[in-house]
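Shared between the two complexes below is chain A, which pairs with chain B and chain C, respectively.
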Partner chain A sequence: MVSLLRNQKVRNALLQVLYVGSIAAMVLAGIVIARRNLADQGITSGFDFLFKSTGWDVNFSLLPATANDPYWWYFLIGIINTLFLGSVGLILATIVGTIVGLARTSSNDLARLLGRTYVDIFRNIPLILQVFFWYAIITHLPTPRSAHEAWGFLLTSRGLYIPFPNVGSAAFAAATVAVIAAIVLPAWLGRTSLLAQPIGQRRTIQFAAAAAALACATIILALGRLPDTPLLDFPALQGLNLRGGLRIPPEFATLAIAIAIYGGSYIAEIVRGGFKSVGTGQVEAALSLGLSPWRVFTLVRLPLALRAMLPILANQYVWLMKATTMGIAVGFTDFFMIVALTINHSGQTLEAIGILMAGFLAINLSLAAVFNRINKAIALKGNQLRG
Partner chain B sequence: MEMVIVAPPAPGRLEDLRRRFFATPLQAVVSLACLTIMVFLVWKLLNWAVFSAVFTTSGGPEACQATAGACWSVIAARWRIIFFGLYPYEEQWRSALACVAVVVMTVLSCIPAFWTGRRIALVWGAGTGLFYVLMKGGVLGLAHVGEEAWGGLALTLFIFVTTCLIGFPLAICLALLRRSELPWISRTTGLIIDGVRSLPLISILFTFAVVLPFALPQWLQGDKLYRVILGSALFFSAYQAEIVRGGMQGVATGQEEAAMALGMRYWQRISRILLPQAMRNAMPATINQFVISFKETSLVVIVGFFEILASGNAAYGTGEWRFAYVEVYAFIAFIYFIFVFSLSRYGAFLERRMSVSER
Partner chain C sequence: MISTNSTGEPALRIENLDKYYGTFQALRGINLSVQRGEKIVVCGPSGSGKSTMIRCINRLEQHNGGRIAVLGTELNDDVGNIDEIRREVGMVFQHFNLFPHMTVLENCMISPMIVRKQPRAQAEATARHYLEKVRIPEQAMKYPSQLSGGQQQRVAIARALCMQPQIMLFDEPTSALDPEMVSEVLDVMVTLASEGMTMICVTHEMGFARRVADRVLFMDGGEILEEAPPDEFFTSSRNERTRQFVSQVLGH
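This part shows the complex of A and B:
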């Protein structure tokens, strides 16, 4: 026995078995105890509860939802809410971050100072504090009767009302898909079969694809328009309430604003880092070739900076996606809040936590996969001299 | 014939300004736009926060509602609840002293003279011990105050400090386990680290606060506060472990081979050769992680703790000050800003300092 322990291989195997075994034992013991405790409370484990109706309502959903819907439908709503809020937040944060980041790399001292102040302020205050702050601001806006109004937009404590085209929801969804296609299609075409074509033809085909997709969107919107209504539906006061337009609930608006501002400050730093990483030699070479500053920016600095930024940006996007869980602080029914409510109402604790983990793992992995694809697609071929 | 090269005359002040801000029409437009935005924002802010603000509590909430400016009287009236939460009134000096102890401890650990494993452990151990004794009492004639009465800034600092104190050694262990040569150990550890990293912190805090009691035997459950701290330490260590591992990868393999050739044992190699160099490499990222985890302590408000954000909500939540939410949030944001900004500035300074020494 002692001689066996002296053997390095045996010792290593034993160590590994011990380590993995003790972790597995701890997890298993936890599950067994939890099942017993839950059974004592009359909760049977298993995923049958997914098909029972919930009995409670969600305050925000892109899909139709009633209290009679089963749990699995609510989980789906939660995931879609998280993804929707996440994408709106990401897009807004990217816009804010790009503007501030460009200001930070500008040659103008005043613009740099402005950008730096923005980043220093919003990066150093916790996101949840910003969420609380904006929520307090929005819920203290005037009532619909005395709403702030500008260009058909209404700011009230019941939410933000914006003008909205008078179309059916299915047609609107289809048109959204078409608009996304108009953005994705040219990029995808530029990467695949067209590579052999000369650049002029490639541009034409890409342009045609985008135009066709946009035309599709317009046609869908025109066909889906509700009969006998004006093109745009403006919100207006009727009695004590506002009718018409699209209502953005305060919870959603709060989170989107907070994520855009906080995420924007982080993305601004990534953008700045990306532009800083472009070698001065590259820029000088482009300038000495006689390119105008604008073309130096679009043809040299931006493409190189984008490649440097993308991996870090992907991490930031995953982080921002996870930040949607702040929804529970203001009562926005994102995926995590649905899971927490499920635990409260049904007591199916272990299953709900399992679904939560699986859901976030799936979201993270798919985001990572998308960015890896993009990364690989735009990576510079061969060895590149940088600097 | 002697050539004399004369430098062009230095531009005058006006000329210098013109070159910097009005070199081209576009530059001029950008400069003017930025200037307008800045003047507008600074004027609005000063006007709100200083010129038309109310600073004294003498007029009560009514005096505030009459003015368009900030109502700092809410802070003057409620600062105790923001800083100390529900801590007993006569004992609040202890809470204040405990906060000072933590700040002194943090400042001390930023001084390079304290950057050895033993000294830093000593400083943090003493600081945390002092904090705990001051807050909890029950010895040295101090009255006992249970954790449920802790709140405000002291609770925020306590969660932050204990998170780091538990999380940091755990992170080093996880990093060492992950780079172990035994495949099953490194794979299992990798799975744990990546699993924790893929989850949002809120869900981990929620699991530790609400779900874990089901999965633990009665005698292991402990107080909710310590469970949440454990959860937050686990989250911290998963991120920090990757930072430490990155630092270890930056240490040349020759270093460890040389140590092995000298006949050093595993722990000697780790503690004398690998870790000192790895921690040095990982320093800027580590400071950054501290900054992030300080900001993230505010998330415990969601599982029902009375830390500084929740006590701020309570400070304006009661009847008479209900309108003064902006001032309270601005004040709390300012407190966070002081802590986070000075720490991140320190991180940037460190990064510069180290990049100089590497040249």
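This part shows the complex of A and C:
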């Protein structure tokens, strides 16, 4: 028995059991106590409330929503809103971060200074303040009646109005998928070794794939077009209101801008670090082989920098995804706000918070899993570094 | 293998070369002329400007005064000239500088395919030919980090040769290697020399210098202090600094 306790594996297993056991005991005790307290207040615990209708409205939804819909439908709406806002925010933040990060590594003094100033400012102001700042600016834009128009876009205090194709929502969703495929397919086709096929041939294949996907998108839009309407619907003033086009509500615009600007400042630092980690030796070797600076960038600096950046970028994305919970500050019905409203209206605090945690866990774990796959696929092969 | 140009233009001509890093002068009035097929060994104490000099030859460093002409092409701000010179001048570095995300074969094929616009099959054949030549054909599909230092450096030599350059620059190619790997790299360099390649090697391998060098240059303080055939350089140098240096590297 004593000798068994000396065995390292046995010890580790025992510690593990103790650890998990004590946590389970604490959680169990918590649940029991909470149930008793809730029962005293006359609230029944359980998930039956999910099937009751909510009786309140959401101000932003990609799915049809009425106050008669049940809670589970609202949770779904919340998750989709969070994912939508998160994706838009992450994409914009990545674009901003890449531009600023490249500026910070450029040889141009002014570009470096601007990049540095940007990072210093936006990284050091708390996100919540930036959210309020952008919200104040957007809600103080001119009213629809005095809005300025530029290229069919209208900036007003009631939201940003943009031209939008006159198509049904299913057709629009399908077209969106096709456009995404036009971006992803070429990259996926190019994932194989650079020299697996002749470069020219690979280009042709990638180009053909992108063209085919875009053609699909066009056809879908043409077929799904609402009868007797122009292909593009431009927003225009009608009486006191704006009609037509797509309205991006101020709350959504605020959050997307705030996440893009704030997240961009963090991503800029990751981009800069990634490029700094690329050895000057590899760059010099590439130059000495006669490769042009652009080729050196696409063939050597970028692929190596990406490998250094991705793991940190994945963390940043998970983190920014959680930043969508700022929705509650300006009244955007993201997942977190839906949960908060649910708690207010139904009193099912524990259940709602459980669903919130499970939802975010699922979102972020999937995000992390995707990044892990990408990381594995492109990791530098071989690690018995010698010499 | 190396076409001798009838114009009689030397492979490399350097005149009054100056190089500054800020206010620090790293090269002072360097003059050097290298004929086609000539092998030059450059030695000198650390910080004497050896690397700076050979890095000026393919514009990894930009010189501030004097002239450099490579294979008759003047090295100036003309990007076309720089590209032309880099195509014809191969370089091997102290720390190999292989591309870690590409296989050995890809390392060797990338530049011929993109810069020389060679078809894939031809680039692969050339790459395999030179990998054979540096005696590691079996490593073609491995990644650099799976090779020993000596093997990596031989890949780096093959990679440079795949561009079929007319001049090869070596910057201390063996000084980052474990002692037992030095000779495998030097052997490759000796073979290359015997085939008539124009070579400029910064190295402290004096055995190599004796065997292949036509001339040995001694640099100190950014200047070429002495320039002599190896026999003369090692035995009867007139310069006190040179004699002191030679006795140090030969371990007397």
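We adopt the following convention: the second predicted complex is superposed on the first by the 341 of 387 C-alpha atoms of A that agree within 3 Å, B and C clash if a C-alpha of one lies under 4 Å from a C-alpha of the other, contacts with A are read in each partner's own complex, and residues count from 1 in each chain.
By definition in this document, contacts are C-beta pairs under 8 Å (C-beta built on N, C-alpha and C of every residue); 3 or more make two chains touch, one makes a residue touch a chain.
Since the model is a prediction, treat every value here as computed from it, not as a measurement.
In the superposition on chain A, A:P126 contacts chain B only, with no contact to chain C.
Once the two complexes are overlaid on the shared chain, A:P303 sits against chain C while remaining clear of chain B. Look at A:L15: by the touch rule set out above, it reaches chain B but stays clear of chain C. Applying the stated contact rule after C-alpha superposition, one finds that A:S288 touches chain C and leaves chain B untouched.
In the superposition on chain A, no contact is made by A:Q348 with either chain B or chain C. For chain A, the partner that touches more of its residues is B, with chain B and chain C as the two candidates. Looking at the complex, you find that chain A touches chain B at residues 12, 15-16, 19-20, 23, 30-31, 33-34, 37-38, 106-111, 113-114, 120-121, 123-129, 132-133, 136-137, 140, 322-323, 325-326, 328-329, 336, 339-340, 343, 349-350, 353, 356-357, 360-361, 364.
Of all the residues in chain C, the ones that touch chain A in their complex are 58, 60, 83, 86-87, 89-91, 93, 95-103, 105-106, 109-111, 113-115, 119-120, 124, 142-150, 152, 156, 159-160, 163, 176-178, 181.
Residues 193-195, 197-199, 279, 281-282, 284-292, 295, 299-300, 303-304, 307, 378, 380-387 of chain A are the ones touching chain C in the complex. Interface of chain B with chain A (complex): residues 20-21, 27, 30-31, 34-35, 37-38, 177, 182-185, 188, 192, 195, 198-203, 206-207, 210-211, 214-217, 295-296, 298-299, 301-302, 309, 313, 323, 325-326, 329, 332-333, 336-337, 340-341, 344.
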